[in-house]
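Multiple structures follow.
Consider the two complexes below, in which chain A is the common component and chain B and chain C are the respective partners.
So, the complex of A and B:
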């Protein structure tokens, strides 16, 4: 009994120490925001007030902030899965966009299917993202190409193709927006905090975090994936199918991105607009880096990113700063999360799977 | 915990503490009391830079506010991501700070209808768009069929002329950033109809760039069209039109341009520019708003006859770039358009 308590205490302390780097990064990013506001705004106090308090000032802004975090959670989970296996998925932009597009046209085609149609459409969207990322895994397995490069290049090409399809054959002729037709009402997720855009997709995101956590830490396949990520040679020596784990985690990673796209359409936008998801893929990557590839930490990391974006939008709405200030803060976060020195502050020097 | 970690944590805590104290101070900041009788939100669906119609919209409102102390104007640029337009507009309207939202984009009425459903007291006035029957919405549609008709007529005169870069093929071109109802139903048909008033055998080569910024792709399209026999172009392509200006100068082709004065974009090759009196319309709208005489729920079409569409005759480039016989015919045609003597049927949107 005492041993178990001691083990739990050690685990909690280790987790807290491992989080110090992320706290430092967040702190520096927020400090950068304060400095930028003082430099760029004629009314810095007003700007900072709206930046920090804006997202929390009413249910509309708060709900939208949570809603903004949903695709980031899915994207962060996707990147975390790939990174746990030692792979790097840089194709989130294309995987999310194509997943959203396929989910949308599937919903339009399966309009009469009702709830089953929602599941099928989301599944097809996820598969689309998964196949795109999985392709990079296959290329790595077959010819040892860098999945970091191939996923990025494939994604860039796919974004153009999807944009063409939205602006061309699948464009809704009745609207002046560059968008597909709207999905049927029966396919739309329930709004749970009116008048904000927050939908029941939030629950799906939380469930996804639980599922990924259980998969990674409570299943044999998850254990093998993490072992392969830490040491592929040792994994091979232990009889693990290493070729499989060059492809499968990439597929899962892309599938989560594809699912993020589908969720964004079914929960928020209801139609796939051209380039609606620009930046979501990269932000998912940053979320995973802040969370240090731990599924449970993806939620606070995504909330932080959504808070930054929502705060910047509020500051822009109510004061004199432009939206670029949010981009600068996000850039600072991006820059810092790649800093090994900051990431390792306070961390326990023990590698565990 | 290591010494470095402790120092880093202390540093972050100090920075956060300073920021908290700052924003706490900000929370007591008082906005000076003002007597606002009219608060206007100018909602730009994109950015003003590089967009004369949006610039005119904002400037018109600002100039009106400068002349009326009781009018305040906020300009908001919503950026190019269409998916975020509705949420941003909702956020602004939710503040309840604006008596009226002023915008200019064909897609805005559908967005305003959805936002207006959540905020039934909010009023919207949109130019370059058409939607009747919603009591929160007033729209003014520029008669782009008409402008395209007279610019098409000019294109027809040029392509059938003996000007240096005019060829024997009876073919004119239209490059668009994207397809949308106003373009497909008014601008492109109007342009061709105008050209065919000169010669019914004239054909139109219509191409799509796919976005509003890819000048290289627009240049590729223009080059391909030029090879196919097009010698006079029109473009509704935003920044991408720079590619057309480049090709026109390098390969020799003429351009007629909608809405703004672009003679200097390709000197000697832009032979005609239509005008859109956005600033004038905005000021007239705001006079009505101030007087409380706006007829919400109605939609108007404004064109050359009403004085909201025209042509830049007074630019020296116009006379320099076109031979006298073409100018004479075109000016006579324009006079007829402005007098309402040219018969045409405005297609429904």
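So, the complex of A and C:
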């Protein structure tokens, strides 16, 4: 009993030490935000107030911030899964966009199915993202091409194709927007914090985190995936099917991005607008990096990212901050979170005797 | 006489484990002296040297170099103070040439920014010639043998003008000949005034090379003598805490007729290569025997290991296990058939260093700990605990295996593979870098497996080991079998005879294992 408590204490201490890096990153990011506002804004105090408190000032902004975190959570999970297996998925943009598109047109085609149609449409959207990413996995397995490059290239091409489809054959002639038709009412997720856009997709995101965590740490397949990521030669030696784990995690990764797209449409946008998701894929990557590829940490990381983003929008709306300045601030945050040096601060170093 | 180096009261405690790796250790070294630092795995030798090289920060103690107190915080600073270290595991870039590797971090420059390729070649070539090494500065490191790579590591340090050179188990991966030439080099260095510290636990090497021997046990210095004033027994007793014999008890050898694993004329030919890596190799490993494979590095032992492990497809011939052809099976399929295999490279192949001890222990038995695709945590933990106890591994199930000492990592691998074995088991270089007690433990396990009826295949470049435990020995040279020594011959064969076979000076007629 004492032994177990001691063990738990050690685990907690280790977890705390491991999160020092994340805290430092957040701290520096926020400090940078203050400095930049002082430099770039004529009314720095006002800017800062909207930046920091804007997202929290009422249910509308708060709900929208939470809503913004949903696709980030799905994307962050997708990247984390690939990273854990030693693969890089840089194709989030295209996977998310095409997943959203396929989910939308499936919803339009399955309009009469009702809630069963929701599941099928989301599934098809997820599969689209999964197949795009999985393709890179297959190419790596067969010809040892870098999945980092191919997923990025495929994604760029797919974005253009989907944009063409939205602006061409699938465009809704009834509106002035370049967008598909609206999905049926029965396909839309319930709003849970009126008047904000926050929908019940939030619960799906939380469940997804749980599922990925359990998959990685409790199932045999998750164990094999992690071991392959830690040492592919050891995995092969232990009889793990290494070819499978060059493809499967990439598929899963893309599928989560595709799901992120579908969720965004069904929960928030209701129609697939041209380039509505620009940046979401990359932001998912940033979230996974802050979370250091740990599924449980994806939620706080996504919330932090959404907070910064909606803070920036708020400051833009209510103060003299321009879009460019807001983007600069976000870029600074992005640079900081990808800094391996900062991530390592305080983490338990592994040594041999 | 002034000490080249003086370490006083060094204390190093690893906070994660609370282990006192160094507990008030003193060490002095004179100019031009060769000191052997001896001790079991986990005695604290490597930790002490890491403190000296700036890789570990000591919790207490002082270090003086050439009489001046210093504080060493990084390898770079150690280099500036004239301290160099050659690690057991080489730190080289395979795609760079020897000269590029050696000058890395201290590159000769043309102008202010551009790397002087030619200058590097010349400077490194000068160092190589001054110390009579046998490597070519312009060769790619990836194409060198292990012994030559080690020379590169030493040249790297000499290029940096070190006065104190630390070598961590320098002979672990070398052949007899390479060890001899290494020792000649080291003596020459000492004559030039370089002080040397060798971490080792091979008794005959201590007596062969050192002026002084310092012995550590459980984090403390337990002895420090001029080498000619002590004998092997005394050193061994200090290292172990008690005398141990190296003879392994065993049942008499009774060959069983039925072969478990058979190689029929197996060849491995890589594309664009003239000479096959394995050339018509035929043998049968029978149950109840230890079949030893001896050979000098680069003569097919590594290839044989890769073929047995399912990493390398064969070009022709057949591998037969229990009357079934398994030539085309990969690691995954072989594991399903019960392959048990202790690889030579325990850090890169035999374990995932960042995964926990438990995760490492169940890799080839993971199906037994899974129900409906879910890992059974409690069962795994109980299994791990009992194996750690049986094999007296110092560590706990949830620690990353990389935090264990080399000997303990090897014990975990042994525990895993021995548990997994069904009728044959492959050991490749099972005692590399292990101390006497651990090696003895490995031999006892091997003999125990044989006595239980396993076909044990032992691939080893350590001749003493091969001769001590094998029932039959196959000698490989340039990918072919040049000699098979059965029980009778094995008892009479001398090391010189073996050397002649291994170096291709002699060959049996139509050897068949």
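Definition applied: the second predicted complex is superposed on the first by the 349 of 353 C-alpha atoms of A that agree within 3 Å, B and C clash if a C-alpha of one lies under 4 Å from a C-alpha of the other, contacts with A are read in each partner's own complex, and residues count from 1 in each chain.
The rule we apply is simple: a residue touches a chain if its C-beta (ideal position, glycine included) is under 8 Å from a C-beta of that chain, and two chains touch if they have at least 3 such contacts.
Predicted model, so just to flag it, every value in this text is computed and none were measured.
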Does the chain A-based superposition show chain B and chain C clashing or fitting?
fit
Using the touch definition from the top, say if A:112 reaches chain B (first), chain C (second), both or neither.
neither
Angle at the Cα centre of chain A spanned by the Cα centres of chain C and chain B: state it in steps of 10 degrees.
140
May I ask you to decide whether A:61 touches chain B, chain C, both, or neither, giving the answer as first, second, both or neither?
first
First (chain B), second (chain C), both or neither: which does A:226 touch?
second
Going by the contact rule set out at the top, does A:171 touch chain B (first), chain C (second), both, or neither?
first
Which partner chains sit in contact with A:240 here, chain B, chain C, both or neither? Use first/second/both/neither.
second
Identify the partner contact of A:218: answer first if only chain B is touched, second if only chain C is, both if each is, neither if none is.
second
Under the stated touch criterion, name the partner, chain B or chain C, that contacts more residues in chain A.
B
Taking the superposed arrangement, what is the smallest distance in Å from a C-alpha atom of chain B to one of chain C?
10
Residue numbers on chain A that touch chain C, as the complex places them:
7, 218-221, 223-224, 226-227, 230-231, 233-241, 348, 350-353
Across the complex, what residues on chain A touch chain B?
17, 20, 23-24, 27-28, 30-31, 33-34, 43-46, 48-49, 51-53, 58, 60-61, 64, 163-164, 167-168, 171, 173-179, 195, 197, 269, 273-278, 313-314, 317-318, 322-323, 345-346
Sort out for me which residues of chain C touch chain A in the complex.
14, 16, 19, 21, 42, 44, 46-47, 56, 309, 311, 331-332, 334-336, 339, 341, 343, 348-355, 359, 363-364, 366-367, 370, 373-375, 377, 398, 400, 402-406
Once bound in the complex, which stretches of chain B touch chain A?
1-2, 4-5, 8-9, 11-13, 15-16, 18-19, 22-23, 25-27, 29, 76-77, 79-83, 87-88, 90-92, 94-95, 105-107, 110, 118, 129, 178-182, 184, 208, 210-211
